[in-house]
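Multiple structures are listed underneath, in structure tokens.
In what follows, chain A forms one complex with chain B and a second complex with chain C.
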Partner chain A sequence: MDMNERKIGDVILALDNISLSFGAMKVLDDISFDVRQGEIRSIIGPNGAGKSSMLNVINGFYHPQEGSITFRGEKRKEMDVHKAAASGIARTFQNIALFKGMSTLDNIMTGRNLKMKCNIFQQAWYWGKAQKEEIEHRQKVEEIIDFLEIQNIRKTPVGRLPYGFQKRVELGRALAAEPDILLLDEPMAGMNVEEKEDMSRFILDINDEFGTTIILIEHDMGVVMDLSDRVVVLDYGLQLADGPPDEVRSNQTVIDAYLGVSH
Partner chain B sequence: MSNKPHDTFPRLLASHVKLRPNHTAMREKDLGIWQSWTWSQVSKEVQTLAGGLASLGLKRGEKLAIIGDNRPRLYWGMVAAQTLGAIPVPLYQDSVADEMAYILDNADAKIALVEDQEQVDKLLEIRDRCPQIEHIIFDDPRGLRHYDQPFLHNFEDIQRQGQEYNQQHGDYLNNEMAQSDGNEIAIMLYTSGTTGQPKGVVLTNDNVIITARNGIVREGLTADEDVLAYLPMAWVGDNLFSYAQSLVAGFCVSCPENGSTVTNDLREIGPTYYFAPPRVYENILTQVMIRMEDAGKLKRSMFHYFMEHARKNGVKILNGEKVSVTDLLLYKLGSFLVYGPLKDTLGLGRIKLAYTAGEAIGPEIFEFYRSLGINIKQLYGQTECMVFLCVQPDGEVFADTVGTPAIDVEIKIDDNGEILYRSPGVFHSYYKNPESTASTKTPDGWVLTGDAGFFDEQNGHLKIIDRAKDVGKLNNGTMFAPKYIENKLKFYSFIKEAVLFGNERDHSCAFINIDLEAVGNWAERRNLAYSGYIDLAAQSEVYGLIKECVNKVNKDLSKDSRLGGSQIHRFIILHKELDADDGELTRTRKVKRNFVGDRYKVLIDALYSNLDECHVKTQVTFEDGRTGLLEADVKVSNAEVYSIDNLTAASEV
Partner chain C sequence: MRIERDIIYIILAFIVLMVVVPWTAGQLSDQIFFNWPFFFEVAIGGLLSGVMYSLIALGFVLIFKASGVFNFSQGAIVLFAALTLVGLHGLGLPMWLAIVATMGVMFLLAVSIERLVLSKLVNQEPIILFMATIGIAYFLDGFGQTLWGSEVKVLNLGISEAPGFYFDGLILINDFDLFAAGIAAVMVVGLAIFFQYTRIGRALRAVADDHQAALSVGIPLKHIWIIVWTVAGLVGLVAGIMWGSKMGVQFALSLIALKALPVLILGGFTSVPGAIIGGLIIGAGEKLAEVFLAPMIGGGIEEWFAYMLALAFLVFRPQGLFGEKIIERV
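For the complex of A and B:
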């Protein structure tokens, strides 16, 4: 379907002149870009370009030395991990970070943690309010399971699942937090063509059904160019380009630094 | 139950609403919970849907295409169409758009009722080739929010529209229902097209309902059966077991959560009446065996001990034959410790009757299930007669026969060995194809099956050898029945698919597809490393393994004077799995022999030469329609050929 019908709103997150160093090593050097409500925004670049660091700055895991972050109109020097999660930013990781011994269902349920209002004692009794709450959360989790088409592995321990499914479960857990912004760190690394297509469809559907803003790091250029509304290109901490896929694709600096190599 | 002709499905539904309004008619698992509908609830859903279809202009004799997985709403679509005197035409949900375009166009489908976005997208893609489709109704709205085509409708909107329509039009539905009778067309089912384009088999209400009822009478089925609807709705078997027989007998049909949860859902529902093609039974058995190999020593030895006991006594007990008291007690203990828990795990714990058909089933597979006390039987049938031609009677179950004729079915064998039949289920015609109708149905009502077979003189059961047209001759004059031999090969769990060549040649040769799971497990046990199918298929140890299987088949063939000359001289293990997306299999997973023969001509030439290796390039299609090139060096192996005289038939069973 025509993607233009999607509603892309105002800027929800703006990064201005961000610089991040670890000792003498400059990982991000004066990076500025913004993310609009409801868009799929990609960050691309070769290995070591600073993409994952950029995500870590956005969700407050790294604190940049310079620059500012404006989130929902509020300007600050750095994000805070817990506040970021509480204010609707969820993420998945480049290396899967799930509870391997727990089932798909329970793993996704952990994503509801921040939404649970009952305290640990109420939950231990599992009576009245706690029970009602748990049923509501389970309903939400079942909707996610349905959405990601993983009903068949609902009760399977995650450690036993193939890689592609683990990635899907991780996406499910991030979705369980009902985020406004979803950070996806290489969601398709190591997948075959079919798995990539499934994952692409899920990303589009999440964006479309829930209006979730998505910030995506991905190596597969075909996928990035198909999915993204706008793309920012990093190379060794420097920002090479920023714009719609077509523009980025034809940008000579980008071609020289990245696209022209092998893809 | 006697044969009442002139029934229709909407009237059967109405009779259940009167007889058992609060009896569960359908179930579907949604968001992890089984939802259910009683007969009276189903009837209401059907009425509003029928009204909605009428408001979209669906009239008597027009066609409603139905495409999707087994969903209650799609089954309701069938009764709703029949309520209006319209004709449901279910399509295979995994067909690609091109295949669908042909059927939709050929069937003159006016409205399509589909499951989800995937099917809607396919229909939109072929819309210019099927201009007669006026409306598309979808069940699951996910992903369709931005589709603004005026001819696309949400199922729930159509039901709302139907409610209004029914209010405004008073007795319209009842009048339409009253106009239908047994001679009216109930449904059109497209045969999967082993050869050429699919043909629309037109079946009347009497064809379907009388045949369904005869099956129920013969097997003593009741309104208390539980059935899991998991086979394609476009297939005649699903239409019989999950639709027609449910509406005749009044039993409950459950729809799985989705295609990949069937094993879980089977366990939760525990059907009493079950159909599966042989490969499903094979897969279950293979998995049980693999899991038992990985189990602890105690469990493993217990399993093997009791399975051995079951093998000796289980079938006798199932057939009601006498066994000693000790054996009976030991079998009871085995039921408690092994058979019962095993059947429960497989979801087969409550089975009263399990059918298999479509292809021959391996004797050891058959024996495994029957020794556990699962009454699995073979049946033989076709779309053209609404399935039932022959069924094995209780207590007379053999691996190599398909049983005795079903109620009201007459069978004869013509001079060429081809099987002909006459029955109340004999189809009306092939849609818009009088030539094919005339060449299949004789003027006095006999139908040519295209299968070659004979009646076993000892037990009166029908035995099928092969497709009549596939039975050929080797240059030495021996009868060449490729499927018969392929089935013998496929009985080995290591062999997933086999294709035999030999007609008008000096001897037979075979292509083999190994079963990745079974051979993979075998390889792991021997510490053989492999990266995937291609790698595993090329390993010399695997060639050795398959050669043993081929040799055993040859030994078996050598005992048969008619077929001994068609032993397999050389074989290769194919470098890729045969796939319906590449056109090598039909959608029901039958091998298209000629197509495969043309596609891999290089390999056939190698088989009939002295080469022991051959380089091959193959174009493959991925699920998304993209193509790629596969290159491999394929080895050719010789097999042992046994002389027909030197072996005594008694040396091996």
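For the complex of A and C:
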């Protein structure tokens, strides 16, 4: 893929001076960075650096004590989970959070939840409008299933799937919401090289074909440096660096704190 | 559905216990009367009373499926619904209007439970929520009887209890039991479709599996809980109407919930069809045991037979007939 052909637009999400603590423990300390429309933005750092907390702030699970979040030009103190989902922020979780008793298809269908409009009475009746709506959304879900190449596990309860596939289904559920911003929390953790290559390809395709902005947390430096447009580095809640991969890679503080040490 | 080997064993064991043993007993002992029409009459009578157990069990399954919480207060909900219905009817409302009004009350109850109790307990351990439902149970028992009085009340739907269905003059079946069975069948089909094929049904199951993930795809936890407690309230109302017109509306209604426990263990806590099949097995099992086995060991089997059956299930198939097998990955 030619990087020059991709369109990276204006700032869609800006985080300014975000601080978050739980009791006496400071998890994020004065973090500021922005995300541009259509870019792949990575957050790296050792375990406990505050990367997942950062994602939780962005989708509204955590409410920071200080700082502001500007999303699509609207400045606010914190995000609300439901509003975040409704305004196009979808995510995956570090420890897969799928609905384990449900099939792949049903899991991905839950991602369409906010796009479906039938009310409770129409649903209780089911036949007619609600059924028609089901079928329409089912089509979109089938496209996602094709895209992620998981046709053959469509009806399998996800609790029975191998780990790599569960990660894919979770990505599918997030994609089903047709998000503008996709938050991926270690999508390749615990995968073998082949699975990582597949997942990298999916991430690039999502970004390229749908123009989705991606915020990625990942430990595999090779993958991060290959995929990302810009990288922000956190360490114990502090922001060490922010910039394009090459710049971050050669930053001495980063090398000392993170890259130089083997993990 | 793939039929597993132990299900076949269970069916075989049940046939031996319920058919072969009574038949043999009938041949060997002159204390036990056995002929096939009588056997079927007892069996059908048992199945129909099993439907009544299923109605109670359904309320448990709904809340368990949608929030992973064992709702101890389902029995109290049944009592509260029946008391409210009889009370409103007693105030002069016609029966149909009283039923509609009680449905409204069950909705308000669901909203209050969500507002006052559940919303404070998001992301808590299931045991905490379970304890909360015990509190709700005691409150509802007391509140309902304070409002409407604690004496036994008559609830008459105007359906005859006389045997209305004859099969060749040999098998007698009660009209009322057939009516209850019909209602239960409609409810089960409706709920199964709702849970399996609609967005809200899917959202209910999603919330049961993972609160956080459900929130992240924009499922509003609050609405889901109100919906599921309302549905449990409506199922409770139907159970209350059926049981109330059978045994009078009184505090004992709250205790028949205990009869639902063996049904749940048999059918599996997460399965709507399981609640039905479990109820049928328990209902038929205890009647057949009482009539054909009890004389051999001195009678009184009906009281504890269901619990023994449940115990046997806990040993050999803890997830029940249709429950989801819970495998924790380490």
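We take it that the second predicted complex is superposed on the first by the 262 of 263 C-alpha atoms of A that agree within 3 Å, B and C clash if a C-alpha of one lies under 4 Å from a C-alpha of the other, contacts with A are read in each partner's own complex, and residues count from 1 in each chain.
In this text, a residue touches a chain if its C-beta (ideal position, glycine included) is under 8 Å from a C-beta of that chain, and two chains touch if they have at least 3 such contacts.
Nothing here was measured: the structure is a model prediction, and the numbers come from that model.
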With the two complexes superposed on chain A, say which partner A:K100 touches: chain B (first), chain C (second), both, or neither. second
Chain B or chain C: which reaches more residues on chain A? C
Which partner does A:A177 reach: the first (chain B), the second (chain C), both, or neither? second
Going by the contact rule set out at the top, does A:I135 touch chain B (first), chain C (second), both, or neither? neither
Chain C residues touching chain A - in the complex, by the definition given at the top: 190, 193-194, 197-203, 205-206, 208-210, 212-220, 227, 270, 324, 327
Report the residues of chain A in contact with chain C in the complex, numbered from low to high. 59, 61, 81-82, 85-86, 90-91, 93, 97-102, 106, 109-114, 116, 118, 120, 123-124, 126, 130-131, 133-134, 159, 173-174, 177
In their complex, what parts of chain A are in touch with chain B? 1-2, 5-6, 139, 142-143, 145-147, 149, 151-152, 154, 193-194, 197, 205, 208-209
In their shared complex, chain A is touched by residues of chain B numbered 29-33, 142-143, 145-147, 257-258, 260-261, 264, 622-624, 626
